[in-house]
C-alpha cells in the first residue's frame, strides 16, 4: 500500500514581483500558495506518495484559492480546515547578480494557521493511515499556541508509531531577541521524538549550545552531529552546505549523518531560477531515501540532486519526478527532450 | 495662494484579480495604493490644489512603494511617516452583471497607520498652511487609538481655523455588534466640529438614532438632514443616492443640503468600469464647490458628475480634470478626442 | 453521508485568445481544462457534493496539467487514467456585439479519452459509492468506441441503482451527414435508462423524429416533452430557451417537465462575460434540485439562476455557491460585497 | 483576374494603453501598425482582392516591424520603401461610458512618409496592374510635399484609367487656422479627378463652402451631395451618420448618393470594442460594391454593416470576410459558432 | 535577379509556456508558427533572398493565422494552400540549468500538411523561378504520403535543375521501432539527388549503416563523410558538433565537407535564450555560402556564427541580417548599439 | 539641512520590448520615463538627498505621465514645466549573449525639452537652495538652443556658488559629421566652469584633441586627465573602464583623478539585467562622495559598486540605498534577505 506522508504547516501566499522588478517599480504580482509543508507534501505527491497537509486557512475566497492550489499539486486537502480570515503572505523581490532576493512578510501572527488550536483537527482518526509526519521549526517560532500544537501533534504521532521528520529551520527574525535560548527547550523536546532531522551546524551551535573548535562547516558538522544524534536518539541528520556566489549561482553540497557515519554528495554548481523552497526538496530526498530503503550514500546524492533541480523550477514548490533527479545524478546534460 | 487640503487616512494596497476572474482562477494580481484619503487628495491634486496625506506606512519596500504611488498622483508626501511593518490590504474580485464585486480584507488592525499615535506626526508646524482637513468614518472604526487620533486631530484643526470635512462612511463589518451605538458618541463629537459632512439617510437613522416616517430616500433625507445640520451646526451635508442595476450599471443622483435648502442633481445613468472610490470623487466635488464659491445647485451637479466620471476610471483613485467633469455636465457625448 | 456524483466525459484544453482578439491578431493564449463532465463535476463540488470525473488523459505533461486542473476545482481524480498522448483542444475567439464567438476544434478523434475503452477503468469497485452518473451526447457523437463505452457504463450504473442524468447536447458538426438518423438508436437506448434528461425541442423533433404543429418553443416543448417522458420513462426533462441578442446579451428562460407538469422560470436578462459551459450550470441546478428534494418550480428557478450566474464567470466551468444563486433568484442587485 | 487596389497613405504605430487605463496609470502598451491606407488595403485583402500599400517607413527596426505587420494582414509590400528614420505614432487611451477616447499624436511632420517625395517610388511600372487607387484627406493635411505627392499620384492614376477613391477625412487639428480655406483648392482638384468620394455634410459646408438651410444631417446631405456630384463629376458619394451615445455605444446609419438618388441603410445599434478605423470599413464596402457591381441599396447596406462589424474588432484594421458582413445584414444573432 | 529558395515543410504551432514555467504551473501560452521550412525560408528572406514555403494549412482561423505569420517573416505565401482542418502543434516547456527543455507534440499525423498530396500544389508552373529547394528528414518520417510527396518533389526539382538541400534531421521518436532500417531506402534516394546535405555522424552510422572505429565525433565525421559524399554524389555535407553544458549554455563547432576536404569553425561558447531552430540557422549559412560563392572555410565559419546567433533570438525562427553574423565572426562584443 | 541637487536634462520615454524579443516579434512594450538627469536625480533621492529635475515636457497626457513618474522616484517636480507637445522616445530591444542591445530613437529635435529656452524657467528664485547642478553632454549635442541653455544655466549656477557636475557623455551619432570639432568649444567652456567631470580617455583625445602614446586605457587616462584637470581647473575627474564580454556580462573598473592622484576600484564581474543608465549610478557615487566628504579611494570604490549594482536593476534609473552599495563593496554574497 502507498505510503502516506502528512505535513503540519502554514500555507502562505507568495506575491512575487515579476521580471526581477522591485515592488516600487511594478504594478503586477504573481501569486501562489506555498510553505514548507506545502513544498514537502507537493513534491512527495510527485514522487508517487500519498500526501496530506494539516493546516488551517481563512474561511473566504483566499482560503478557497489556497485549498485549490494544494489540490492542484496532488496534495490531499481533507485535513485543511477553514477558520477565521487571515492568511500569511510574503512579497518576493527576486534578486539578480550582486543584488540579493528580498522577502517582506505581512503580519503572520493572526493568520488562520497560527491561531487555530490543534484540537480543531479530527486527528485521532486521521492519523491512522499516516506513515510519516513532517514538522518544521518555523511553526515553532510563531507563538505559544503553535508551539503547543507541535508538541501535542508530535506526541500523538509517536503514540501511533508515525515517523517524525523535523526540519530545524531556525529563523532568527521570527524568534527575536534571545531567540536561541527561548527556542532551545522546544527544539530539544522535538529532537527527542524525531526520527529524521534536517539541521545545520548553526542549529547545533547556536540553538542547542554545542561547541567545537573546527572552522570549516564540514569539520563542525562532523564534530557536532554525532553528539546531537546520540543525545536525542536521532537516526538520520542531514542538510546542505550552500556557497552563495550571487543571486544566480550557488554551489551546493549535501551531507547525511546516518548510523555513526557521515556521507557527502559531490558539490553541484547550480544556476538559479528560483531559490526559495529548495531546501524542502532536499528533505523530500531524505524522506524518499528512508521510505525506499536507499543506502545513505545514495540518499545524500539523491537528496542533493533533488535540491539542485529545485533551483530550476519557478515558485517555491519543486515539481519533478524521481526520474528527473536520476538524470541530474548521472550528469546527463540533455538537449531538448522530445 | 493655492489652497491646501490634507487628508488623514490609511493607505491600503489594493490587489485586484484581472480580467473579471476570481482569485481561485488566476495567478496574477494588479496592485495599487489607495484609501479614502488617497483618493480625495489625489483627485484634488488633479483639480489643481495642493494636497497632502497624513498617514503612516511600513518601514520596508511596501511602504516605499506606497509613498512613490501617492507622489505619482501629485500628493505631497511630507506628512507620511514610516513606522512598523504592516500595510492594510484588500483583494478585489470584480463583479460582472448579476455577480457583485467581492472585497476581502487582510488584517488591518495591526497596520502601520492603525497603530501609530497622532503625536508621531509633527502636526503643529505642518497644519499651519493647510486650509481643509478631510477625515473619514472608516478611521473611526478601526480601534481606540485611531478614534483618539481623529479626535485630537480635529481639535487641532479647529484651533487653527481649518475647515473640517467629514465623510461618515459607516462600515458595519468594521464596527461589529452594536456598532451603531458604539460609534454614535464619536460621530457626534466629530459632527459638532465638522463644516462639511458626507452623510446618507442610513447614517442619520442608524448611527445618530433619528427617525422619520418617510419611505423614499429623498423623503428621509429631506426630513433628517435639516435636523442634523441644526443640531451639530454643519454648513453643508451631501451625498448620493445610488440605484444598483447590476455590477456594470447604476443610476446615481446627488443631493446637497446647504443653508436650509435641499438641492439635487439629475439622475445619471452610469456604465461602470470601476465602482470603488467613486464616492470620494463626489466628496472632492463638494470641497471644490466650497473652495471655488460655486452655488449649491452647481456644486451638487458638479459633484455628481465627478462621481459619475469616476466610474469610468480603473482603480480606486479618480483621475480627471474639472474640464472633463464640465463635459459630462454638458452631456457632451464625445467621439474620439484627437 | 455526502452524495457523490460522477461524470463520464472528455477533458479538453480550452485555448482562449485574450482581450476579444482574433487568433490572427494575437500572440498569447489563456488555457484551461474543461468539458461538460468537468463543468458539471466542478460546480457540484462547489455546491458541496463529492464529485468525480471518469476520464482518460495523455500520459505526458499535458495530462498531468489536466489532472491538476480538475483537482483544483475540487473534483476527485481517482477515476482519471493516463493513456496514450493526445488531449482534445479547442481555440476560442470570443465574440463581441454583432460578432459571434468562434470555436475551432483540433482533431479529437485520437484523444486519449476517445480511444480508451471503458474496461480500462476499474469500474465495478468504483461505482459502489456513486449516487448519480452524468453522461453527455457529445461523447455519443465521437466514435463507435465512445458510444459503446457510454452504453456499457449506463448499463452498469442502472445495475447499481445509480441515477443517470443525460444531457442530449446534440452537435450536428460532430455527427456529420444524416447525423440525426445515426444518432437516434443510441439516444433512444440511453433515454430508456435515464432518470433526468436535458433536452431541447430540437432534440425531440430532429433526433427522435417527433413532430408538432406548434410554432413557439414553449408550445413545441409542451407538446413533445410529455410524449418523450412517457415513451422512455423519464422522470424529469429540463432545459433553457435562449434568445440571442448579440455576444454580450441574451435572454434566458428555463423549463422543467416533471410528473406531468411543465414549469418555467421567469426570463432573465443576461450580461455575458463567458457564454461557454452555462448550460452545464443549468444541469447542476436540476441535479441539486433532485438530490435536495426541491419542488419543481423552485428547481427550475434555481437551475435557471445558476445558468444565468454562470454567464458572469470567466472560463467554461461555473464557480459559485448555492448562496450566490439564491441572491440572483431574490434579485438582490448588490453593490460591492465587503 | 483578381482586382488590385492600392492605397497611398502613412503607416503609423498605434500605442494603446491596455485595459481602459490612462497612460499615467500604466506601464505597458500594445502596439500595432495602422493608418487609413493600411486599414483599407488590409480589409480588401480579407475580402479576397489583391491589395498594396504605397508608403515609406524608416530604415530601422521600426520600419521592418511595420512592413512585417502589413504583410501579416495580407497586403503586398512591394511599394513600401525604407527612407530616413521616423514613423508617425499615436497613443490611444480608450474611453469608457461617459469618458471619451483620447488620442495623442507624436510629431508626424518628420515621418518617413511625410518627407518622401512621390518620385522615390517606381510608379510608372507599378501602377500598371492596379485597378483602384485609394487616397485620404489626412495625407493632404500633412505638408506641401505630401499635397504635391497626392496631386501627382492622382494625375498618374487617371492617365492609366485607374479609379480614384477619395476619403475627405478633414482633420481640423492638422490643418490649423483657416484650415478649410487653405484646404479647399486641393480638395477641389482631387474631387475633380475622383470617381468615388467619402464625404460628410461638414466637408461640403465647411471645406467646399456650400450652404443649405436644412437642419438635419439627412436634409443637408440630400441638399448638398447632388451639387457636389454634379460640380466635380463624381459617380458615388457616401458616408455614415454617427450618433454617439457614449464610448461603448453608437448608432450608425450609412448613406450613398449614386446616379442622382440617395440611399440609406437602416440605423444600426453598435456595441463598441474599438472605434478607430471603422470608417475605413465603410469605405471598403463601397469599393467592394463598385467592383462587384452591387446595386446602390445593397452597397450602402453592405458598407454600413461592414462599418458596424468593424466596431467589434480590436485594433484599427477591420478583419472579417464578406460572409461575416452578410450575417450582420441578415440580423443573424448567432450563438457560438462551432 | 534575386535568387529564390523554396522550402517544403509543415507549419506547426509552437505553444510556449512563458517565464520558464511548467505547463502544470501556468495559465498562459505564447504561440508562434514554425517548422524547419519556415525557419529556413524566414532567415533566408532576412538575408535578402526571395523565399517561399510549400505547405498546407487548415481551412480555418488557425490556418489564416499561420499564413499571416509566415508573411510577417517575409516569406511568400503563394504556395501555401488551405486544406482540411488540423495543424501540427507542440508545447514547449523551456529548460533551465540542469533541467532540459521539454517538447510535447500533439497528433501530427492528421495535420493538413501530412494528409495533402503533392499533386494539390500547382508545381509545374511554380517551380519555374525557384533556384533552391529545401527538404527535411522530419517530413520523410511522418507517413507514406509525405514520403511519396518528398520523392516526387525532389524528382521534379532535379528535372528543372533546382538545387536540392536535404537536412537529414532523423527523429527516432517519429520513425518508431526499427526506424533506421525503415528510413534507409528513402534517405538513400534523396541523398542521391541532393546537392547539399546536413548530416551528423549518427545519420551516417545509424541510418546509412556505415561504420568506423574512431571515437571522437570529428574522427567519425572525417572517416564517414567522404564515403557518403562519394557514394551518393553530394557536393557539400555540413553540420554542427554540440556540447550540451546545461539548458543555458552549449559549445558549438561547425563542420563542412566540401570537395574532398573537411573544414571546421572555431568552437563558440553559446549563452542560450532559445535553443530550437538553431540548426536551421546553420543550414541557411550553408545555402548562403553556396549562393554567394563563399569559400568553404568562410562558409563553415559564417554558418556556425549564424547558428550561434540564433540561440540569442526568442522563438524558433532566426531573425537577423548577414551583417549581424559578421559581427559575431569578428568577435565584436558590442555594448548597446544606438 | 539636506543638500539639494538639481539636474538639467531631457525626460525621455523608454519603450522596451519585453522578454528579450525583437520589435518585429512582439505586440507589447513596457514604458518608463528616463534620461541622464532623471537617473541622477532619482538615485540621489534614494540616497536621501533632496533632488530636482529642470526639464520641459509636453502639455498633454504624456507629459503628465512623465511628471508622475519622476515624482514616484522621489524627485521634486517644481522645475518641470509643460510646453508644446512632443517627448523624446527610444525603443529598446534588449540584447542577449552575442547579440547586443539595440536602441532606436524617435525624432528628439522637436521634443518639448529641446525647443524650450532656459528663460522659460523661473531660475533666479529656484536656484537659491540648490547645492549641486548636474548637466550632461547629451543636452549639448541636441541643437543650438540647448547648447545656449546649458551655457546660460552653468553661468547662473557659478554666480550662485553652485557646484557644477558635468558628464561629458559624447554621442557621435547625435553630433554627426565633424562632431568632435563642433563640440570642442562648448565642451571647453563647460569644463572651465565644472567642479566635477565624468570623462573617458576618448573624450580627452577625440573631443579635446589631446594625445598620448600610451596604449592601455589606464595609461591614457593617467597621461591625459592631469592635463585636463590643470587646463580647465577641475577638482575631480572620474569614469569607468568597461570590458564587454557579451550582453549578459561585463567587467567594470572605476577611476577617479583627484588632487593630482589617480585612484582605481577593483575590477568587478557584472551579471547584467539592464545595462542602460549604469553610468549615471557611477556619477551619483562621485557626487555622494563629494557631499559626504568621502576620501578619494573610498569614493571610487563606492561609485563603482553603485555602477555595478545598477546593472541588476531593471530600467534605466538605479533604485537602491547606500547600504546596498556597502554590501557589494564588502562582497557580501547574500542569500535571500528576510
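Note that the chains take the letters A, B, C, D, E and F in the order they are written out, and that residue 1 is the start of every chain.
Following the convention adopted for this analysis, contacts are C-beta pairs under 8 Å (C-beta built on N, C-alpha and C of every residue); 3 or more make two chains touch, one makes a residue touch a chain.
Since the structure is predicted, the reported quantities are computational estimates derived from the model, not experimental observations.
At the interface between subunit A and subunit E, under half of the residue numbers involved are used by both copies, so each side presents largely different positions. Chain pairs A-D and C-E differ in how many C-beta pairs are in contact, and the one with more is C-E.
The chain with its Cα centre farthest from the Cα centre of subunit B is E.
If you average the Cα atoms of subunit B and of subunit F, the two centres end up 42 Å apart. Subunit D and subunit F, compared by their mean Cα positions, are separated by 45 Å.
Counting partner chains per residue, subunit B has residues 22, 24, 26-27, 68, 72, 102, 104-105 touching two or more of them.
Those residues of subunit A that touch subunit B in the shared complex are 15, 22-24, 27-32, 60-62, 64-65, 68, 85-87, 89, 91, 93, 102, 104-107, 109-110. The residues of subunit A lying in touch with subunit E in their complex are 18, 72, 270-273, 308-309, 311-315, 319-320, 324, 327-328, 333-338.
Note for the complex: subunit E touches subunit D at residues 68-69, 71-74.
Of all residues in subunit B, only 26-27 touch subunit E in the complex they form. Residues 19-22, 24-25, 90, 95-105, 171, 173, 242, 244-248, 275-276 of subunit E are the ones that touch subunit A when the two sit in their complex.
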